[in-house]
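Look for chain A in each of the two complexes below; its partner is chain B in the first and chain C in the second.
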Partner chain A sequence: MSGTRLVVGPFNRVEGDLEVHLTLSGGRVARAEVNAPLYRGFERMLRGRPPSDALTLTPRICGICSISQSAAAAQALAAAGAHRPAPQGALVTALIHAVENAADHLTHFNLFFMPDFARPAYAAHPWHARAVARFTAMEGAAPREVLEARAALMHVLGLLAGKWPHTLAIQPGGVTRSPSARDKVRILSSLRAFRQYLERTLFGAPLEAFIALDSPAALQGWDTGDAGLFMEIAADLDLDALGRGAGRYLSFGAYALTEGHGFAAGLWNGAPAPLELSGLVEDTAHSWMLGGPAHPASGHTEPDEDMRDGAYSWCKAPRLNGLPFETGALARQVIDGHPLARALAGGGVLARVAARLLELARTQVLMEDLTAQIMPSSRFMAPAPDLRDGAGAGLVEAARGALGHWVRVEEGRIASYQIIAPTTWNFSPRDGAGTPGPLETALEGTPADEGATLAVQHIVRSFDPCMVCTVH
Partner chain B sequence: MPEIETFYDVMRRQGITRRSFMKYCSLTAAALGLGPSFVPRIAHAMETKPRTPVIWVHGLECTCCSESFIRSAHPLAKDVVLSMISLDYDDTLMAAAGHQAEAALQDTIDRYKGNYILAVEGNPPLNEDGMFCIVGGKPFVEQLRHAAEHAKAIISWGACASYGCVQAAAPNPTRATPVHKVITDKPIIKVPGCPPIAEVMTGVITYMLTFDRLPELDRQGRPAMFYSQRIHDKCYRRPHFDAGQFVEQWDDEYARKGYCLYKMGCKGPTTYNACSTIRWNEGVSFPIQSGHGCIGCSEDGFWDQGGFYDRLTKVNAFGIEANADKIGATAAGVLGAGIALHVAASALKSAQKKTEDNKTKEEA
Partner chain C sequence: MNILWLQAAGCGGCTMSLLCAEAPGILDLLAGAGLRFLWHPALSAETGAQARTLLDSVERGDIPLDILCVEGAIARGPRGSGRYQMLSGTGRSMLDWITNLVPRATHVVAVGSCAAYGGVTSAGGNPSDAVGLQYEGGHKGGILPARFQASGGLPVINVAGCPTHPDWVGETLLMLAAGELAADGLDPLARPRFYADHLVHHGCPKNEFYEYKASARQLCELGCMMEHLGCIGTQAVGDCNIRPWNGGGSCTKGGYPCIACTAPEFEEPAHAFTETPKVGGIPVGLPSDMPKAWFMALASLSKAATPERLAKNAVADRITIPPSLRKRPR
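Moving on, here comes the complex of A and B:
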């Protein structure tokens, strides 16, 4: 089967549209090309509008991570005006954002990732009957429990942010809602209920026990809850070896608080390094985009309507100092220095999914801490003056990884707005030097033939792609 | 048409108790504005009618409608609805993938020809022959036309499908086009909002299943039961509007007192939706309750009306609140200068009131 070309897609249970073109050789993937076939042109729409429009328009790039977009836009506008949000406003923003990220991790594991193990192709495996009972799409027991727990957790978003998706409460100066002492109690009780769900169902044990895991061997011994079922499957299918990455990670730092980030910002390439973005470019060699490589602060987005040969995606290829970086929960936890994540660095499907579970547990603890710090009598907004001229970046962490907004305002109007989303990093096409993006690299060497692309599906989903954000 | 299970069969199979089922029926009756006498009717319909096949397709969009839908209020609503409509094709939620998924779509179309509801989330971009949104190797607009051909009716979920929404914002780079401008020969129900409220989504579907017909639509094609009142009409901050008490700046003392957000750009007075009654995230809150004005996301063109924080200004003047209501009840979007006037009037009223109070005090 040498040189067979295969198109995998459209992918279901993925946010947005995605196609992967594979060249197979000897039953393995020899080359992968990832195509994001959806383009809307948000960056072009934003030009010429009042800066505050970004707060309403950019969240609508994505219905799953709208708060991440909202937080990035608010931060970019604040930076452009050299403005700082009220500390308690930043705290509530962090809490709102953490709730969304936790909900996303939960949705990914239960509704997007695990249902693949309920497929008939795995019927001979000892865990299959349990996977079917728990995770069959729309029928299994887990999705119903998850939707209920998630909806209850999102009461916090209702309380603090009015509505979700497409929250409006986050502003450059803080948040529009000042939580009362009563709200604080309600939030704590919602969080308590969510912890109970996590401990009873997802982990089957206290969160702190999962957070205390410090080695792959300890992780492998986890045998309770849905996490335990996943570990059993992962061991049986050797998911650690599947879809391994280059081990280069990037995090913009999650939850910007006055005293620093909830999860640290930085880079990892075998060792930690500080986050330094002057060498950042978006390469367009294989994208249907015009214009050469450029830093997002000076870049622009102009689709190549001829869809020229040689290019194969609407997605640009972000590179830092010429290199692709993987981003997401694994990257965040490695960079934040969690011992289990550090030990999993460079890993594949298992590492990405386990890091997401780890982060979910740690985020629950973080949300409890943040809520405890809410001081109802303080200011939650330091209103930002009208922005006439300035440039700035909003760097946040969506559930799926690093999200950046770069804005330039001239005479009270947006002159330039560029966005690099997490999946833009992870699912980028090749760059001018021919270096493939992280998913393309992870797919190379994967066993696959025309009838069987399950391994490919697992790898793609292990990144928790959000295609509507990727190209916007 | 092949034999299809009833909703009730499916729900019982999924372990939903009769008690919960009845509770759902009463909640839905209430949400639809129907009296208690309709509860048995809804229950009867759900027990006896075959569930309606639904094909749910995604164009240019952000999936916020699906997200809203799977989070509906009554913990059961999503179960019930997910079971009563057989979501035969939905690429965010279903199990099948790739070509198997495309086959499932064709299979559903063939099996239920003329009987399925096509739910559309997002819209087709028409520039460059539709190449900005490709599904299964083909432009989404082709999938949409194909699926619409044999549909009984179409539901346009959200502002994208109904009006275009933000991807149609000037200069509309991809020529994102609402569904009714592409499909012109089918009944279309618009359920706008970005996203629509979950209960509104489930309510519309339940109504169609129960009464076997489309809900009554307003002139814009929206279900009248959810879109006949302005946010402003039922806003809990309305007394502050009437009293001329307004938030002047984010997080000021008036914001803390929950005054009206009109001066912060709230579009509640011109927006027809159920946010102030049904609310969001299981009835917890809605944007105005979070201290931010309404942006009017269920109205056509909300994305291109100048800044989102601009005060409503345009339109015919009218003096006092009684007139505002009369006008509001008959025509949408006719406010603005009227409100500005009213602000002045109510400020005046409160000033007069103060003077009178003082007088009374003095006299006493």
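Moving on, here comes the complex of A and C:
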């Protein structure tokens, strides 16, 4: 293809390593190729080890989705042993996981996404001075306020999970520490403080008012708090039209509780459909990986040390029934049936960021509900017997989307371990049919030239990518 | 002083942990000591060409560099090329960048066990051929030679931990800024002694169970986790039970064992992380400073003397028998 080639990197304020190759034509992106330039090989590290080692090693794939990895590993091992966690253990696992996801949404909005609007390129816009005061990287008021609120919220994890990141508290049978009545009131007090931060600073109004928004017009009228500043910027820059997706969404379901998921599992392609993964493959046509497409239950990971031409990423390309899917807060809220999210389906930067704010508000309510349901007198662990042989999958939702672990255990050792992370879906390279991944599609047609890639940056960051998880 | 922070082959968790610093938060802590990030991949505004210009300037020596912080191990594969981690947008490996930036830095800090020794990135056959900056596991010599000293006179400072406690990193940087960290402030594995002179055992809430060898059998029981559940807090350096994590936690407070994540090669314990290997029913790897025969003698005595309160609580998931009261209501 003719046109100017442009490489964007180091691509910072994303978790991990990302490089975006653009082919420009007429001031627009004609073609995008997304490269995840770090390979560590966790799936190979796990082979031959005792199954329980996955609980120590897989959280260390990622320092920001650490608990999501814990939860997926615990669920996969439980499934492989046909074991069920104690119901109250599953409840506390969900609470621990929700705290991480809420903190991640907050970190993304304040530290990763919003600082781009403080750039001098936007100096002529009426909101710019306020964006500079609030969101200038490391200097604005918002980073300090958000780090304080985030660290205080993390006290819930100090109490329930020992520390964050990289806890071993989440096990196939439940959680290692049984919360007492005293812990319960302390957690509720931490959550009250976090609600205050959200209502005073992020939303500037009661959370329930944001949760009640049911249309893009109602959303556009939101004018309080940092969310209001974002909406003003989004309207001015038409962030709704920027980086629109195919509107095809996937959620594994967030927070597996005895009575069902906190946010529903499913697919969306203009209409809801049940989650069915028999047609799932990881394609390696444009990945520096050897071996053909395979379902993760029978997949393998063998890096192509020659880094052959034609391939351009260590990331495999997951496809469901031959199609790429977008995953994340927008996908979850669409599939869960929230009216605002449904109305935003297929949208771009605005839709992804607004859905994340919506989910943050809903997650706060969920965390309060979960805590209220803790029964300190109950059992929080049903210890799982030793796992000798079996196979299973752990399907959870990280902040940035669907995370799956597929494990097979033979004679007490891990025979196979395959992982598909959210950004493996969102930032996948092309597949064997030449179909681009969701980000690659979203970038096509975006205004860009050398030295002016701000729109590209907004789109990339709107996905909240986690690159360390992507390849693992 | 300025800080250039690079994320090599790791999980980014040490940065995420650093952001949990409190009273004050990390931004005010560093600013207050006159420290500023020249560039940090998770926090800085500069991206793409702007970031490349900055890195080029440091590499050429146009911008003097006070502290180079590296988080994550250094991938040398495949076949010594370093191409398992290319610093995006530059066409060069992270291995190449770090090798070229190190001579420009007055101090070099390895943030986390991966950057220090290889850590989890080098686990399980080490698929990416990863090493630490100045160590390969417990052996001196990583991508930098065993005798390396930065121009400030110190070897690579190994702020080991998986993840690191936010204060371990913050206080190391503050001590460098104040000129308070000298060679004798580092232990033989180059870890800052302000936290490495402690054992995780110090202040562990399970100490009374340990005294009587009243052991937990399952992860969820209150007893000591040394005998059955893989805990090596009596041998692991770290002030984890003296200085709280996330407001009040620690691994053992969370009900799971210390796996000595501050130590080289912790990622390869040669047994399941949460199981204690035993020979003839006796745990191998007893406390480091204690003669084995003495330990065995004391352990059998104290086991025989275990109060019912501790014996029962050790295998319960909450305190079932409270301490007996010296003064009872009359």
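Assume the second predicted complex is superposed on the first by the 470 of 472 C-alpha atoms of A that agree within 3 Å, B and C clash if a C-alpha of one lies under 4 Å from a C-alpha of the other, contacts with A are read in each partner's own complex, and residues count from 1 in each chain.
Just so it is clear, a contact is a pair of C-beta atoms (placed from the backbone, for glycine too) under 8 Å apart; a residue touches a chain by one contact, two chains touch by 3 or more.
Computed from a predicted structure; not experimentally measured.
Asker: Put the two structures on top of each other at chain A: do chain B and chain C fit, or clash?
Answerer: clash
Asker: Return first, second, both or neither, reflecting whether A:Phe380 touches chain B, chain C, both chains, or no partner chain.
Answerer: A:Phe380 contacts both chain B and chain C.
Asker: Give one of first, second, both or neither to describe whether A:Glu33 is in contact with chain B, with chain C, with both, or with none.
Answerer: neither
Asker: Check whether A:Asp336 is in contact with chain B, with chain C, with both or with neither, and answer first, second, both or neither.
Answerer: After superposing on A, A:Asp336 lies clear of both chain B and chain C.
Asker: Could you say whether A:Gly451 touches chain B, chain C, both of them, or neither, answering first, second, both or neither?
Answerer: It touches chain C, and chain B stays clear.
Asker: With the two structures laid over each other on chain A, which partner does A:Glu397 touch: chain B (first), chain C (second), both, or neither?
Answerer: neither
Asker: With both complexes superposed on chain A, which partner does A:Leu18 reach: first (chain B), second (chain C), both or neither?
Answerer: After superposing on A, A:Leu18 lies in contact with chain C but is clear of chain B.
Asker: Across the two complexes, what residues of chain A are contacted by chain B and by chain C?
Answerer: In the superposed arrangement, which is not itself an observed complex, chain A uses residues 7-13, 15-17, 19, 37-41, 44-45, 49-50, 52-53, 55-57, 60-64, 66, 111, 115, 118-119, 136-138, 144, 147-148, 150-152, 154-155, 157-169, 171, 173-178, 303, 305, 307, 314, 379-381, 383, 453, 457, 468 for both chain B and chain C.
Asker: In the complex formed with chain B, which residues of chain A make contact?
Answerer: By the definition above, chain A touches chain B via 7-17, 19, 37-42, 44-45, 49-50, 52-53, 55-57, 60-64, 66, 86, 111, 115, 118-119, 136-139, 144, 147-148, 150-152, 154-155, 157-169, 171, 173-178, 303, 305, 307, 314, 379-381, 383, 453, 457, 468.
Asker: With touch defined as at the start, can you tell me which chain A residues reach chain C in the complex?
Answerer: By the definition above, chain A touches chain C via 7-13, 15-19, 35, 37-41, 44-50, 52-53, 55-57, 60-64, 66, 107, 111-112, 115-116, 118-119, 136-138, 143-144, 147-148, 150-152, 154-155, 157-169, 171, 173-178, 180, 303, 305, 307, 314, 379-381, 383, 451, 453, 457, 468.
Asker: Which stretch or stretches of chain B touch chain A in the complex?
Answerer: These residues of chain B touch chain A: 14, 58, 60-68, 70-71, 75, 78-79, 82, 87, 91-98, 101-102, 125, 127-128, 131-137, 165-167, 169-174, 176, 194-195, 249-251, 255-256, 275, 279-282, 284-293, 295, 297, 303, 307-309.
Asker: Sort out for me which residues of chain C touch chain A in the complex.
Answerer: Contacts found on chain C: 7, 9-17, 19-22, 25-28, 37, 39-49, 51-52, 55, 75, 77-79, 83-90, 120-121, 123-125, 127-128, 130, 162-163, 218-220, 244-257, 259, 261, 267, 271-275, 317-318.
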